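What follows is a pair of complexes built around subunit A, which joins subunit B in one and subunit C in the other.
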Partner chain A sequence: MKVTFPHMGNLWICLEAMLEYLGVETVVPPPSTKKTLSLGSKHAPEFACMPLKLNLGNFMEASDLGADTILMAGGCGPCRFGYYAQVEYEILCDLGYRYSLVVMEPPERHISEFLARIRQITGNRSWLEVIRGIKFGYQKARAVDGLEMTAMRLRPREIDPGSTDAALSAALEEIAGARRPEDLPPAIGRAREIMGGVPVEDRPVIRVGLVGEIYTVLEPFANLEIEKKLGRLGVEVDRSIYLSEWINDHLFMGLIRGMRSSSLYKKSASPYLRHFVGGHGLETMGGAVYYNSLGYDGVIQILPFTCMPEIVAQSILPGFSRDTGMPVITLISDEQSGDAGLQTRIEAFVDLLAEKKRRKEWSA
Partner chain B sequence: MTVKIGIPRSLLFYYYYPLWKTFFEGLGAEVTVTGPSTKAVLEEGLGLCVDEACLPVKVAFGHVAALRGKVDFIFVPRLVSVFPREYICPKFLGFPDMVRSCVGGLPGLIDININLYRREKDLYRQLREAASPFCRNPLRIAAAFGEALAEHRRFTERLEAGMLPDDAFGDREVAGGKPGGENWTVALVGHPYNIYDSFINLNIIKRIREARMNVVTADNVPGPVVDRYAGTLSKRLFWTLGRRMVGSAYYFMDNPAIDGIIHVASFACGPDSMTGELIQRRARRTGTPFLSLTLDEHAGEAGIVTRIEAFLDMVAMKSELSTLS
Partner chain C sequence: MIGFLGLDVGSVSTNLVLLNEEGRVLKSVYLRTSGRPIAALQKGLRQLCGLLPAKTAIRGVGATGSGRHLAGIIAGADVVKNEITSHAAAAYRLVPGVRTVLEIGGQDSKIIIIRNGVVVDFAMNTVCAAGTGSFLDQQAARLNIKIEDFGKAALKSAAPVRIAGRCAVFAESDMIHKQQMGYDLPDILAGLCEALVRNYLNNVGKGKDISDPVVFQGGVAANQGMKAAFERALQTEVIIPPHFDVMGAVGAAMLARDYVSRGIPTKFKGFGAAETDFRAGSFECDGCPNLCEVVEIKEEGRVIARWGDRCGRWSIRVAREKIS
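This part shows the complex of A and B:
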């Protein structure tokens, strides 16, 4: 059995760690590229959301590398993600791929159902080992999130353009390379050191909150490396959602408590959106309000074309922006999105934020 | 003074109008419904709604806007779930908030949550809340609720007997509503607000009937049949409308009395992209004559009409030929 899974940013680092710890042979799909997307788009439904198309492309490319089993997260709606695995599987079957499919569905009654599914893949490992494997993956996710947060702080302040991103890749490699749980703390130490070596200077920065659909937020290929682009324009970015939060919600069924989570966003969103709408629509709305309360300069929403929960949020954000004066733009990512177009739009937005900030400081 | 409640002729109006109307009238309110969708309604909606929303939501915005200044309250329930363990669509979950944020000059909104995700029994409590702005008399509410449920049951029975909502709303006994009048039968599969809104779908039902064919829809298929066919899916579908569409489409493919299937979807509709794919793949495997139409405000009318006509010709020809062998 050779297990593969879809890409979503650095998710692979955590899943590979967890599976290999448990002795499962793993095939990490090649990183998502234009080719992956065009493979997926060719066979996926036209109006499927982009993550589905990329998942499909990942599976097709992983199959060439010998993968024969797919590990996917599930869900119970209302968003499409909960039915991704099944539709992707139908398409792969019709195309003649011979995959077996293991879906981590949220347990209906008890966490043991969930553990039983993991065991479909890990065989007769003891529970203790399985739980250790999960923990290992999760700790890697936390480490990855920490490094990315650092990178978002460094980018607008770096002295040599590009040095943050070079350091980030090297630091992530350290995390990815830790084979055993006991290797992880020293790896994190080395990674932090690498990040600490980026020369920076103290400059005024513009602060932007990045909200939106999680896949496009986390996957640089899908968002055309927006964090890097913003960083180079002197913007410090924070995002409303992080990988470890997704893993906690979707793979560990929210077992780990006390994260900056839904309840905060739910409360912040309530003047505008009073109900969850699937996906991360509520987090998007709540995130925008939250960033406003923290005095951020602007909010960027990013979503894949046709993403339903985000369209709900997109409809409401202009009203929020009117009420609060907080500048908001919405970026929609699809197969046709081009680098140049995105660059122009965010440059214009950042200019606007800078201008606004200047005026505010002037009048203050 | 009588309270006036407006109901937009959009979204799940096509399933719940009898229930809602009976309930509110039972409380002494006067119920106003918007007229059929028109170009003006759509244009109003387009002006208020983000581009990325689907056509039915844009049309619904237009209907909501048309009620401004005419009623005391507009009924825009947040339809979270109308059946245990199922949802409708994320946009239904956010609809009242979208309306509140995008449509100015609104009267009061009755935007209670209808959420039967846990159990159907919760409906009573939720409708009681819908009554609360103008009626708090528990006896009256209970009586109105009872009547509303009875009316809903009668309506559903009429659908399952072969009627379409427009006919089933009234008291008329409609001839020809039942399948069997004509030689051929075409099944129309899609969200109710797409297949029953003749403006949105360019009069598709009338066109099929004019081609001397019977029309059946997913709503004419009894629940247990839908369940049986939807039950063949590897995972339970969590969208009520999608599940009904897939279950009935699978049934139609299995039913020799059905000569072809037309699937009607909205441009960029999330659930349709998934359920439509399941249906289309099965239709291809079973060789069922199948036409997939995508509706949006830019679709050229002529193109769609030609495709419908060509498909109906093909269906007629194919079933004629099969009687030869």
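This part shows the complex of A and C:
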């Protein structure tokens, strides 16, 4: 059995760690590229959203590397994603790929359901080992998130353009390279050291909260590297969703306390939206309110074209913006989106935020 | 005399303007880009050079439009700004108190909401270019009327025909159908203007607080039929500012003037840039499966800029724009 899974930002680092710890042979798909997207778009339904197309491309490319089992997330609810595992699997079957499919549905009642599904992959390892494996993967997710947060803080302040991103990829390699749980703490130490070596200067920055659909928020290929682009324009970014928070919320059912969680967003969204609308629509709305309460300068919503839950949030955001004076922009990404269009919009948005901030400081 | 240059290299037109020290527009040049931005820009520089008042010293240059980075490299711009910021800068300086800017260019359309001289909201067309200048051009050509006469003809209509404006291709089918039904040309043209305005307000203008005074600029503002259709739809007067067709360039020049006023010397390469040999080429990088198409700009055979690569392997690092 050679297990593969779709890419979503740096998710691969923690999944690979978890699976290899448990002795499961793993095939990480090549990073998502234009080739991945064209493979996926060719065989996916036109009207499906971009994540489906990229997942499909990832699986096709992983198959070339020998993968034979797909580990995929599922879900239930208004978002179509809940059915993507099955749809992708059917498309792959039609194309003649020989895969078997294991879907990780979020536990409906108890974490034991989730553990039972893990066993499908891990066979007869002891429960203790399985739990240790999950813990190892989760600790890597925390480490990765920490490094990404550092990078988002450094980018607008770096003296030498591009040095943060070079440091970030070197630091992530350290984390990815830790084979055993005991290797992880020293690897984290080295990674932090690498990030600490980026020369920065104290500059006034603009703070922007990135909200939206999880895949487009987390996957740089899907959002055309918006964090990097914003960073280079002097913007410090925070995103409403991090990998480790998502794992805690959806797979551990919030077992780990003291973390920012979706209940925070649910609470802050309540003046505007009080229902689950599928996907991350509620989190998007709550995130916007949350960033406003923290005094951020602007909010950027990002979603894949045709994403229903985010369209719900998108239609509420102008009202929020009117009430609070918080500038909000919505960016839609799909396989047709161009880099130039995104660049123009974010440059204009950053100009707007900078001017607004300058006026506010004058009048203060 | 001291002057400031604004360059707007767009998908359809390339515009250049010369401002004096007070920010007044002295000269402007409007050219078709015709898919060759470097040649268009150089031609524009040559023409503008011929129009210059004696002893003009260019103290600052601003570039905007989809070809702004290219224009910035070729002419040596002090400020390279996106179209939205440039258009807004021109609008609120030429029409003080403006609150809404409608802008329709060759292939894009935008709405900019301004309050107290600050951009507070904006939107650009995303997945559809129905209703932009290129489409009007194409329809005028198909109906065999000059684009300059389009607006005048539309104004003659007393009863505009309803045309489906959701999609440019279907709008065309619908227009052909209406022609074959025997409707009058002015009624069809006026109907098309209304359809495009409807499309604009439903897509680009959706959810935006459109309030007086409203300014309409960009190449399409030359079309009187479009102005009238906007006025009917918005129930308010729509102002067409002077230099409406070169507003992007005007804004870029004004931003350049602000920038160099802090005592920063200009990077302008001089009008000689019109005669220098610039070449743009591209190649596909094979460093990873993403196969980025890297663009390379050469000046007299020497590489002066590269872009288009995702990882930064090829691009010569361009100094970051600092926030001031």
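Definition applied: the second predicted complex is superposed on the first by the 348 of 364 C-alpha atoms of A that agree within 3 Å, B and C clash if a C-alpha of one lies under 4 Å from a C-alpha of the other, contacts with A are read in each partner's own complex, and residues count from 1 in each chain.
Definition applied: a contact is a pair of C-beta atoms (placed from the backbone, for glycine too) under 8 Å apart; a residue touches a chain by one contact, two chains touch by 3 or more.
Values in this document were obtained by computation on a predicted structure and should not be read as measured data.
Undergrad: Just checking: does A:L264 make contact with subunit B only, subunit C only, both, or neither of them? Give me first, second, both or neither.
TA: Touch status of A:L264: no partner.
Undergrad: Tell me the contact category for A:P318 with respect to subunit B and subunit C: first, second, both or neither.
TA: Both partners.
Undergrad: Between subunit B (first) and subunit C (second), which does A:P327 come into contact with in this model arrangement: first, second, both, or neither?
TA: second
Undergrad: Touch check for A:G281: first (subunit B), second (subunit C), both, or neither?
TA: In the superposition, A:G281 touches subunit B alone.
Undergrad: Going by the contact rule set out at the top, does A:V200 touch subunit B (first), subunit C (second), both, or neither?
TA: neither
Undergrad: First (subunit B), second (subunit C), both or neither: which does A:E46 touch?
TA: first
Undergrad: Thinking of the overlay built on chain A, is A:F305 touched by subunit B (first), by subunit C (second), by both, or by neither?
TA: Both partners, subunit B and subunit C.
Undergrad: Answer with first, second, both or neither: which of subunit B and subunit C does A:D94 touch in the superposed model?
TA: So A:D94 only meets subunit B here.
Undergrad: Would you tell me the residues on subunit A in contact with subunit B in one complex that are also in contact with subunit C in the other?
TA: On subunit A, the overlap between the subunit B and subunit C contacts is residues 305, 315, 318, 332.
Undergrad: Can you tell me which positions in subunit A touch subunit C when the two form their complex?
TA: 30-31, 33-36, 161-162, 165, 203-206, 225, 232-234, 305, 315, 318, 321-322, 327, 332, 336, 340-341, 343-345, 347-352, 354-356, 359
Undergrad: Which residues of subunit C touch subunit A in the complex?
TA: Subunit C residues touching subunit A: 66, 81-85, 118-122, 124, 126-127, 207-209, 288-291, 310, 312, 317, 319-323.
Undergrad: Over in the complex, which subunit A residues touch subunit B? Could you list them?
TA: 45-49, 74, 76-80, 82-83, 85-87, 89-91, 94, 103, 105, 272-279, 281, 305-309, 311-316, 318-320, 332
Undergrad: Name, in rising order, each residue of subunit B that touches subunit A in their complex.
TA: The contact residues of subunit B facing subunit A are 49-50, 52-53, 78, 80, 85-91, 93-94, 96-98, 101-102, 113, 233-235, 237-239, 265, 267-274, 276-278, 281.
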